[in-house]
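Report on one structure; see the data block that follows.
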Amino acid sequence: MPYVKIEVTREGVTREQKQELIAGITNLISTVLDKDPNLTHIVIQEIELDDWGFAGEQVSVLREKGITAQRK
Amino acid sequence: MPYVKIEVTREGVTREQKQELIAGITNLISTVLDKDPNLTHIVIQEIELDDWGFAGEQVSVLREKGITAQRK
Amino acid sequence: MPYVKIEVTREGVTREQKQELIAGITNLISTVLDKDPNLTHIVIQEIELDDWGFAGEQVSVLREKGITAQRK
Amino acid sequence: MPYVKIEVTREGVTREQKQELIAGITNLISTVLDKDPNLTHIVIQEIELDDWGFAGEQVSVLREKGITAQRK
Amino acid sequence: MPYVKIEVTREGVTREQKQELIAGITNLISTVLDKDPNLTHIVIQEIELDDWGFAGEQVSVLREKGITAQRK
Amino acid sequence: MPYVKIEVTREGVTREQKQELIAGITNLISTVLDKDPNLTHIVIQEIELDDWGFAGEQVSVLREKGITAQRK
């Protein structure tokens, strides 16, 4: 009985990327914890940039300053 | 001091259905746990079908295949 | 695909009360939203009294003052 | 490693108010718990008035009756 | 800025399994969404069997009946 | 109608620190959003170090390596 919630900033996540996350995490949980995928629910919630704060600043402000969340 | 969060796929839940859920759950908690309804908050969150994964698939894909969540 | 989270202060909720909440809410959702109970998951989380704040005070402090959450 | 989620009814919260909440809570956590702000994430989620229930009623109904959440 | 919450029944998940979930999901998000792992937080919450309801029954009751969540 | 959830690693947060967080956040929300404190609920959830992942590693492992979350 796993339930997974993914919160991520709304910055152009595509339908295909969401499907990759859902398939990948369901598969990982099934493999690592031996859980039936029919009992695994995953919810993705995209958050507006004004609504996510990091280090005391809105992400919308960080992005205006050119600070991204991409891998280095 | 109960707080309840209901997450459900966004598939045409009406205002009246939401009111039924809110009234019914508040009443149930009040009856079973003897809690003051003035301390009971309930939040309903509708989730887009692309954002809910079940059994490794997006619900939007399941619905396209004709698989519903209705009672049998 | 409903998922429900119930957060309530840890004040002696019994196994039977939890079962009543789970059965009652699952039944309500099934009736109001026509959802298959096999797709309905409910999670109860009990919160220590020091960890729940209401009106700016810990519930543990409110209880020491004789303020309860019971129905009037 | 703190993560904070703020759920509030959608009633005209401005970008500036969100920034005040994010800065204020990050600062409070940093001061009280001695946490690095670079490890503190805050998410604000606004909830439609039909989707928040209080005392068994939708907040949208309460507002129609003239009942607000403002300080007395 | 992703945050992930995993809720799973408390049934002997080991420290190694948790590490596999954390490493696997962080890697998946980094690959699929191109997110810096230093901005990815994952929280695992184990839920007692009396506190998880499925299909209207406590999981503790389902387990007593021999119904498991294992892959078929 | 605000509800706030604070998740933080379980590393010796005291009852007094929790009270400071509850009072401070309730006051901040009351000031910034003009919300009645009697409608503001705050829940603190401490997470075991094995159960919080950051940058792909359990916090328990990071602490063993001498990496803390303290302000620099």
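Letters are used for the chains, namely A, B, C, D, E and F, taken in the order the chains are written, and counting of residues starts over at 1 for each.
Throughout what follows, contacts are C-beta pairs under 8 Å (C-beta built on N, C-alpha and C of every residue); 3 or more make two chains touch, one makes a residue touch a chain.
Nothing here was measured: the structure is a model prediction, and the numbers come from that model.
When the contact pairs of D-F are matched by residue number across B-D, B-C or A-B, over half of them reappear in B-C.
Using CA-based centroids throughout, the chain positioned farthest away from chain E is D. If you lay the C-alpha trace of chain B over that of chain D, the rotation comes to 120 degrees, to the nearest 5.
Note: the chain lying farthest from chain C is A, by mean C-alpha position.
In this assembly, the C-alpha centroid of chain A lies 21 Å from the C-alpha centroid of chain D.
Averaged C-alpha coordinates put the centre of chain A at 15 Å from the centre of chain E. Among the residues of chain F, those in touch with two or more other chains are 1, 3, 7, 21, 25, 37, 41, 43, 47, 52, 54. An unclassified topology is adopted by the chain contact network, corresponding to no line, ring, star or complete arrangement. The full set of touching chain pairs reads A-B, A-C, A-D, A-E, B-C, B-D, B-F, C-E, C-F, D-E, D-F, E-F.
Against chain C, in their complex, chain A makes its touches with residues 1, 3, 41, 43. Of all residues in chain F, those touching chain E in their complex are 7, 47, 50-58, 60-61.
Across the complex, chain C is touched by residues 1-9, 13, 17, 20-21, 24-25, 28-30, 32-37, 39, 47, 52, 54, 59, 69-72 of chain B. Residues 15, 18-19, 21-23, 25-27, 37-38, 40-46 of chain F are the ones that touch chain C when the two sit in their complex.
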